[in-house]
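Right after this note come the structures.
You will see two complexes here that share chain A, one where it goes with chain B and one where it goes with chain C.
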Partner chain A sequence: MSHADQAGAHELDRHQTDLAPGEEYGEEDIGKGIRGYLIGLALAVLLTLCSFAIVHTKVVWAPAVPVAILIFAIAQMGVHLVFFLHITTGPDNTNNVMALAFGVLFVVLVVGGSVWIMSNMNANMMPAMPHAAMPNSATPHQPMTQPMQH
Partner chain B sequence: MLGKLTLEAIPLHQPIPLIAGAVVVAIVLGVIAWIVLAGHLPYLWREWITSVDHKRVGVMYCLLALVMLIRGFSDAILMRSQHAFAYRAAGYLPPEHYDQIFSAHGVIMIFFGAMPFMIGLMNFAVPLQLGVRDVAFPTLNSVSFWLTASGALLVNASLVVGEFARTGWWPAPPLSEMTYSPGVGVDYYLWAIQISGVGTLMTGINFVTTILKMRAPGMSYLRMPMFCWTALAASLLIVAAFPILTATLAMLSLDRYLGFHFFTDSHGGNSMMFMNLFWAWGHPEVYILALPAYGVFSEVISTFSGKPLFAYRSMVLATMSICLLSFTVWLHHFFTMGPGGDVNGVFAITSMIIAVPTGVKIFDWLFTMYGGRVRLTSAMLWSLGFMVTFVVGGATGVLLAIPPADFVLHNSMFLVAHFHNVMVSAVLFAAFAGYTYWFPKAFGFRLDEWWGKAAFWFGITGFVIVFGAFYWLGLLGMTRRMQHYDVADWRPWILVSAFGIVVMIAGVACTIIQLVVSIRRREELRDVTGDPWDGRSLEWATASPPPVFNFAALPEVHGEEAYWAIKSRAREQLRLREEPDYAPIEMPLNSATGFICAFFATLIGFAMIWYIWWLAAAGLVGAFLTFVVFAWRDTVEYEIPASEVAKVNRANRTTRLEALQGIGQRRAA
Partner chain C sequence: MSATASPGSVTAFRGDPNHLGHGRDGRGESRATGRGTGGPSPKRIVVAYGFWIFILSDIVMFASFFASYAVLQGGVSDGPTGPQIFDLTNTALETGLLLLSSFACGMASLALGARRMLYFQVAMAVTFCLGAGFVALEVMEFADLIARGIGPSRSAFLSSFFTLVGCHGLHVTVGLLWLLTMMAQVLTKGFRSDIVRRTLCFALFWHALDIVWVGVFSIVYLMGSIT
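And now, the complex of A and B:
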């Protein structure tokens, strides 16, 4: 059997042991599974409470609160992925990790790109609103033109 | 009771749509009457309509695409002839009708011509090339097809009942909002695209799963044929991009139906956001169409050059780079809409970069032919024609990617020429190359070559004339979507493009004649071995047409070009592979779920368009009940006994052995 053949056979094995998100190994002991969910629940609740706490107390410097909430939100996603969706770095999870990375990449591209494009266009194209505080804006007061594009 | 629907909806006062609609309705009713009276209905129901076989679904997709391509082409004929008459005159199409025609042309060609054709080829070829028996979710596949057909039906219904959108193929707000488009045209657009979009999304999920999880033993990723790679990339793009379209059109529907203000430009709405989101789907969509097309060309060029694909791994890398980069260029569709220089600059650079992997592909195809024994069959001619014309389209694309040039050329006929240049030469030529290439596999006989070549030469000549004239008209300053014009300089070039469309009509006629002639001469054109082109990938390892289970035993793959390796060994030793141990095969049962779901989806769409709320609710309940019935089914599969498998496979082995002995005798002589 050549090297390439072995690689092919290995590839096949990997596929047969591939797990979908949420799929459990059949033989896993139930107590361990429940413990995992309970740890996840505790962490998720803790993160939620922290988010509420920093808004209602003065532990965090006020302008930094949105950043802190963002960080808690990202940590929350991590907890969900690890404890509830069982995304791991194991070989049986390559497809799931790839799918997650793919999804995150495209969401970042589309959402980030849209925010950037729209803020840029609003600055260039929007007629100055009565309430808009743009003291140094050179935007002329012109009616919005009908866009032309391909 | 019937919402907005009254007799007024039927265009009795407009002769052109009325006559066209009457002819279409008469043809459809005639075909249905013939099917019923000749007793073909049970066969059609059993073997095609309820079939979940990927090959049958693929053929139905291609058939739908062929019919809709003719429908879209007739719109093109109307536009060209209108322009031929509308010099310092009104022409024969009133503006509100002309606007519907160019909108319908774009929608039909993209969503119901190009998409079903590429998805049809994927459906037909990918499982065969992977060496497996079906796609991952066969019934879902049938649902996908019928939902696409439902969308196509709604678009065509707008010809006879009501009107179609007058907004262009992307319904740009605020024009598409209730204030400026109070009719049902935009609603037809929205529901047709939403329903078929659900089908497309499910196809994407189906094919990602199939390609990632279901391959013949030993078929690692880097041993997959190129078409499977491009199908994977296109399916990934479908999964990532189509939800954006669905969400955007859903927001526009909320604006129109419930008075929301997402894109209204009043009460805080922003129409620019529609453009942004639409093209965030729209540019990946270009590659959803183009990538499978590149895959078809890769297969055809490699087969007819008698050589493995040159630099296979660079081709894989180029495909996946395009998959990623296609999500970084969408702003180039609205350079002139107001983004600043920095935003335009970044997207201009990404738009130019995406031409690089495409260029790599062109060189790979050229080097595949280099030193090979090129056979100039009609499938190969389409591929060569693609390479020559596509390079021009790509070059004008790079030109348009430069924002200052785009400011001059945007919305001109130059742009129209550019995107037809790339879409026709990539997607349509690939569709015909793939159609000719896989036809014998699907039906067991080849298409007539003479008429195929005639179709190619008329098609490409007409195409170059029409769009060559368009490039020039764009440089002369003609903008797109004009109903009439009075510039003397444009007149000769518009007549040239009208002549071009006549040449293209000849090409379309040749394609139809080719099919008729081929069916009549099918015994002469019969493909007895299952390998008519001396192919290299696994679809040629089975009979033509393949048995329902595709392969008697799943082939073992030991390298790239799985079938070529098997065939070379057989030719060396002058004997076939060892006969496999035949085992019974389980295949999915037929299901009417797809057809019934689509029936209810059509009801929902039609009812929503005409504000017939009770019918929409009834359709929704019906669709849900169909799902419940399907979910509670008891038997999923049926078994084909081993003896039957053996019988089918031995018949194919006999003809292959005869062909092999023929080679042996020639070698001895």
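And now, the complex of A and C:
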């Protein structure tokens, strides 16, 4: 066995202690575990505070606020995945990461596709007509003839 | 491995070019469990993977509710709009409760790993109280809205709002029941390996619900309050 192989084997031993989601402890190192959760909590609280603060203060240019909220949300989801759900790059986690990647793809397709298609249909909807032009309207409330506001 | 590694590493690559763990003579990355000659993964890895698949399917379901909310957000009919009914102080309280609950659940997982019964039960009890506080706040918010005639049947926006947020609240409620079950099972059956795996699945579920709530408070409450 060459030197490089031995180094590789040592690397593998270290990797084998990497943990899948649901695996909260490795080497019975409680202190390390608590530290991980504390870091995660601190980051999550920080990102949450940023999200709420950006709505209340007028620091950010108004049209950019939704984008900032989305970015904070995605960052916080990442923090939760890493520090609470223990998604890692270890061999034990490859399947979990692949499944997560598929899940993210699906979520992006469903949400992004729906918003895209429906906003396109709203934009192409017939313009609002006067109420008198629709004598057959049987609904008690005023029917929604205007495109929905987004 | 770096490019300057000895020829030995080159053979390892040749034997297992894609790091699939099927290298000859047990080389490559095959010593990791679940990879070729590394043998099958421990049951806890397999169980967690299966439950992870369930969680992801749950998240896909939430994604469709998020999509319908995003589409129907503007369909307020004659009802109130988001900024008129959202109370961000309440939302901030709920967020804090659920986040701390997730942290307490992590502490319970650590106590579970260390096989410390008292710490485990205390951490789980704290998790339960914080989670129950979250559900109570949400129920109060919903009851208040419905009492004011702002129920799910008022407009498309309110239908999608109650469906999305209510579905998350329902998940948390079910999680609370599961939490109590795990406390009782660990208490009566001890740290048996199947019970431990089950409890770790609960921890996954609880943390995943917090991830969904991040989406809820960001997209529904915060982005709904700025328009």
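Rule of thumb we're sticking to: the second predicted complex is superposed on the first by the 97 of 150 C-alpha atoms of A that agree within 3 Å, B and C clash if a C-alpha of one lies under 4 Å from a C-alpha of the other, contacts with A are read in each partner's own complex, and residues count from 1 in each chain.
Following the convention adopted for this analysis, a residue touches a chain if its C-beta (ideal position, glycine included) is under 8 Å from a C-beta of that chain, and two chains touch if they have at least 3 such contacts.
In this text the structure is predicted, and so the values were computed from the model without any measurement.
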| item | value |
| --- | --- |
| Touched partner set for A:Asn95, first chain B, second chain C, both or neither | both |
| Per-residue touch tally on chain A - higher for chain B or for chain C | C |
| Touching partner for A:Phe52 - first (chain B), second (chain C), both, neither | second |
| Touching partner for A:Ser114 - first (chain B), second (chain C), both, neither | both |
| Which of chain B and chain C A:Phe106 touches, first, second, both or neither | both |
| Contacts of A:Ile34 with chain B and chain C, given as first, second, both or neither | second |
| Partner chain in contact with A:Ala123 - chain B first, chain C second, else both or neither | first |
| Chain C-contacting residues of chain A that also contact chain B | 4-5, 7-9, 12, 15, 95, 102-103, 106, 110, 113-114, 118, 144, 148-150 |
| Of chain A, residues touching chain B in the complex | 4-5, 7-9, 11-12, 15, 18, 95, 102-103, 105-106, 109-110, 113-114, 116-118, 120-125, 144, 146-150 |
| Chain C residues within the chain A interface of the complex | 1, 5-9, 12, 21, 27, 29, 31-35, 41, 44-45, 47-49, 51-53, 56, 59-60, 63-64, 66-68, 70-75, 77-78, 88, 92, 95-96, 99-100, 102-103, 106-107, 109-110, 112-114, 197, 200-201, 203-204, 207-208, 210-211, 214-215, 217-219, 222-223, 225-226 |
| Touching residues (chain side chain A, partner chain C) in the complex | 1-5, 7-9, 12-13, 15-16, 20-25, 28, 30, 33-34, 37, 40-41, 44-45, 48, 51-52, 55-56, 62, 65-66, 69-70, 72-73, 76-77, 80-81, 84-85, 91-92, 95-96, 99-100, 102-103, 106-107, 110-111, 113-115, 118, 141-142, 144, 148-150 |
| Touching residues (chain side chain B, partner chain A) in the complex | 172, 175, 212-213, 215, 217-221, 223, 236, 240, 244, 265, 270-273, 275-277, 279-280, 324, 327-328, 330-340, 342-343, 400, 410-411, 415, 419, 557-559 |
